[in-house]
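Pasting the structures in now, so scroll down.
Below are two complexes that have chain A in common, paired first with chain B and then with chain C.
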Partner chain A sequence: MNSEGGGASEEDRPRDDEILAFHHAIRAADAEKLEFVGDKEPLTVLAAEYEAGNPVFKAKVENLGQSYFAIRRARGDGNCFFRSFMFSYLEHILETKNEAEVRRVEKNIEQSKRALIELGYQEFTFEDFLSIFVEQLESALPGRETSVDIDQLVQRCRDRYISDYVVMFFRFVTSAEIRKRAEFFEPFIIGISNMSVQQFCKASVEPMGEESDHVHITALSDALGVPIRVVYLDRSVGADGKNTDVNHHDFIPSECSGVDIPPVVLLYRPGHYDILYTRKDEGRQNE
Partner chain B sequence: MSTSTPPQKTLSRIAANRLQKELSEWQINPPAGFKHRVTDNLQRWIIEVNGAPGTLYSCEQYQLQVDFPENYPMEAPQVIFIQQPPCHPHIYSNGHICLDILYDSWSPAMTVSSICISILSMLSSATQKARPPDNDRYVRNCRNGRSPKETRWWFHDDKV
Partner chain C sequence: MAEEKYNMRNPAVKRILQEVREMQNNASEDFMSLPLQDNIFEWQFAIRGPQDTEFEGGIYHGRIQLPPEYPFRPPAFMLLTPNGRFQTQTKICLSISQHHPEHWQPSWSVRTALVALIAFLPTKPDGALGSLDYTSEERRALAIKSRAAAPKFGTTERQQLIDEIHEYMLKKAPPVPEMAKEEQVQEDPSEVADPAAPTSVPVSPAVATEAQEEASATGRDREENLVVENVHELRVNANAGPIAVSFSAGFRVRAPAPVQGSAAREQPAAIGVAPPRADASRGLVARLGLNDDFGLTVLAIGLTIAIIALLIKKYLALAPSISGTGLNFCFSVFFCVTSCVQFLEFSSPDFSEVSHEMALPKYIYLWFTVEVLAGPTNQHAEESTLESSAFRTLRNTFYTN
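Our next item is the complex of A and B:
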């Protein structure tokens, strides 16, 4: 334990508050560059990003264009998986107007709530987060006083208060699912972190800004009963060293069967998630 | 929207609601060894800490000051010891506490009560009463009334 790292003498190193102010300034500048969720952009913007870059990436981005046509970026603040999921799922509800799906997910939310209480979380610690997510779900359905259109949905997901409360609600749900099924998740958690299930939840799930990987995705998808596709854009080239097909993994909760393409499709690049739009939805989403 | 920043921003509506709920829960079920000194200030709590029996701090009494930011619980409260801070390898003589959950590992899932329990557990597991090795330098650097939340903490050792 120590208040600083040692090494440089205290005269020639900046004070902690100066360093922090600097970090905040960088973060603020970053925030101005990119909202919590960006605008929907054609996939060609991704191609432009890799134009002069790694040829494997370039080939893969080209292949990506066969199945997907647009991307919406999420801010890289450690919450990008949860933030992308929030927007993508709410947009799916908005477009499909699927009230039965909202009722179904609300039942799962009730189960998560019971799990949290059984695990010893007091209701007042999560109820505000829960009700803000349920409000967003209801507003995504048509014909209500509070109904939103796509632009309002974007605004809400960019609003710090709403956006962070929904992200935090997903962190509660994810943590409860992992702890409820600790035996199932334990081997995966040991594989990536060397922590106990409870330590992992306290250190890598519940604090804001902690990044997500397949453990978080599996848990959230199972808890809410929402299938999630993650498309992996990396430098791997298959066994023959030439394959530049883009791999994906579908996280399908056990309660779901016969899922074609999951309603939530995310693009993963090492350390970051964004939202992808499939060609299948191209017509409907270009209204 | 106003651009001026008041010195201490008042609690948001949702933060005030949440704190009311924490206070009610505390009154029914306070964490063992702690006593909240009742005031009409919801944004600053003064809490008495009693060292646990059978530990180095048994029969000793300390005071914690907990200040809540406007967007609590998304942001951690500032928690410091006031008056005579306990002599402990993770507690500086200016009352600042080196405990990860107060800074980087804070989660909105935590409460004042869970913070208190962590602090008592930190006190109880001490094997010697000593200040942190860098106490003097750290306290000197904080002389302008800096908040511990502006410190870059390194949490090397979670045994004590």
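Our next item is the complex of A and C:
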């Protein structure tokens, strides 16, 4: 996913700080165009995007419409997976009003916190991030002074401070889970990055703006105990070259083995995640 | 910290205040860092040069600027103390490696960054921006120099913080003995090359100034570890003959009018400096609570002579022909004083320069010492109190002159 390095020799490779500056400039420009999370749009906007594009994409977008009806875009700043997850999950809590679910996740958060401390993180480096997320969880539940409606939730998720803090919290949780289960994650990490588990966490999980991968999603889903579905919109056409069904992968933590459709559904296009809304939810959400 | 001054909704403020608290609660010997009172986004720090490197013993000050987006954006570090590794007042590039850029991460803190900075000191600059590649000798010299005084920078308030941090670091970072010695050799080889007699009193002005510098740098603090540090320095210098005396001059600066208690604590150090001849005087030094150079030296000489006088007296007392105690005593005192003065004047040319203004107190003092020693031993306790108060008076007279 990160096509860094390439074939450029050491000499013509720009300095790291130059690359970083360039990177920041691109993202800053991007930020002008889109909020951290956009508005809910019908899936037809996606079809319009590929009108003149690749026929495989076109066919797949059409197929996508069978199971999903809406999309909410996330800003492509390298944190899109986490921002999408944040909004999608909080929206799920807001709609289901499931207090038991919040308590369950909070228990998992408590475990992640312990894991972080055991791994040597100083509490003050992550406690602010943690408490911001717990605040958001609590205010997604109804009947509290701080309770929010969907518009307020959107506003909060567009607030740089809240959004960045929650993203950072997810990055901590993800990193802790990967390091805690280093043996499990190691083969995957070596497969994609040729780094040690520790290095991977330091270089590709914890820093803001580092894109997420299968490894991140697995770890976050397991750590919080929240199932995630990722729908893949790409040019793969199956073994016979004709299959334009849209593949998806469900990340189901062991404690949630009975779940049918995960509460969080994300659309993946190479390098980017957005939020998808399933047809199943269509009726309720339109009420 | 004035928390009400800041918008606690600003997450950076909350985080920074937490870091301040953490820094204060878990103080390190390797570094110290605190924000300015009126702006917690501006910090001052000092790091200790890492052990077994040419930076060892050095105390390097610098400033930290935290961005409003902290901890999402990295703090900027600048050194203020010349160190030979990083340019001063230039932002330090902590991601030196071209191949594995270490992005700043919110899980880092001022503490981790300072630890990293210490670790970076002995690394090769490899032409990184803001780096310097001085020789080990130059760096070592800068390390030693860095202890003498904190850099001057910024407002009075900032300067005060810098000075506080410097004092704290001096307490935590004892110099390396080898280095201190090397310094001596480099700066004034003749001093060491000429091992003067231990009884010589002269205080070479150059060395004395240096000693005072050292003393004022060490601060006026009388804490336990400071005393240990003094012993440290002094032991080194005791090897260098005349410097031994000059370094006790440092003590005088530190404790101009020692209270009995604190003086007693510093005695081990004082004894450490005393030339071998003074060994016999240890008991008295301890009882008197003496710790200044002049007193010590005179005392050493005086007591040596007093002991001789005592022996003579004993000898005379044994001789039945001259048994009149008064006459006997006067004789011995006179003998002792004159021989002492002669001895002092002969042994040290410099001494005669100062001996005129000091003549009276010196005579009285010698007399007093001899009388006490010659007196019956059962009056010991009373006499020692008497003597120490008398000595204080004497010394005051001397210093006010």
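By our rule, the second predicted complex is superposed on the first by the 258 of 287 C-alpha atoms of A that agree within 3 Å, B and C clash if a C-alpha of one lies under 4 Å from a C-alpha of the other, contacts with A are read in each partner's own complex, and residues count from 1 in each chain.
Following the convention adopted for this analysis, a contact is a pair of C-beta atoms (placed from the backbone, for glycine too) under 8 Å apart; a residue touches a chain by one contact, two chains touch by 3 or more.
Remember, predicted model here, so these are calculated numbers, not experimental data.
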Partner chain(s) touched by A:K280 [first = chain B, second = chain C, both, neither]: neither
First, second, both or neither for A:H214, with chain B first and chain C second: neither
Touching partner for A:R103 - first (chain B), second (chain C), both, neither: neither
Overlapping contact positions on chain A, where the chain C interface meets the chain B interface: 15-17, 19-20, 121-122, 124-126, 128-129, 161, 164-165, 168, 172, 202-203, 206-208
Chain C to chain A touching residues, read off their complex: 11, 14-15, 18-19, 21-22, 71-72, 93, 95, 98, 100-109, 111
Interface residues, chain A side, partner chain C - complex: 15-17, 19-20, 121-122, 124-129, 132, 161, 164-165, 168, 172, 202-203, 206-208, 210
Residues of chain A touching chain B in the complex: 1-5, 10, 15-17, 19-20, 121-122, 124-126, 128-129, 161, 164-165, 168, 171-172, 175, 202-203, 206-208
Touch list for chain B against partner chain A, complex: 14, 17-18, 21-22, 25, 71, 73-74, 89-90, 92, 98, 104-111, 132-134, 137-138, 141, 146, 150-157, 160
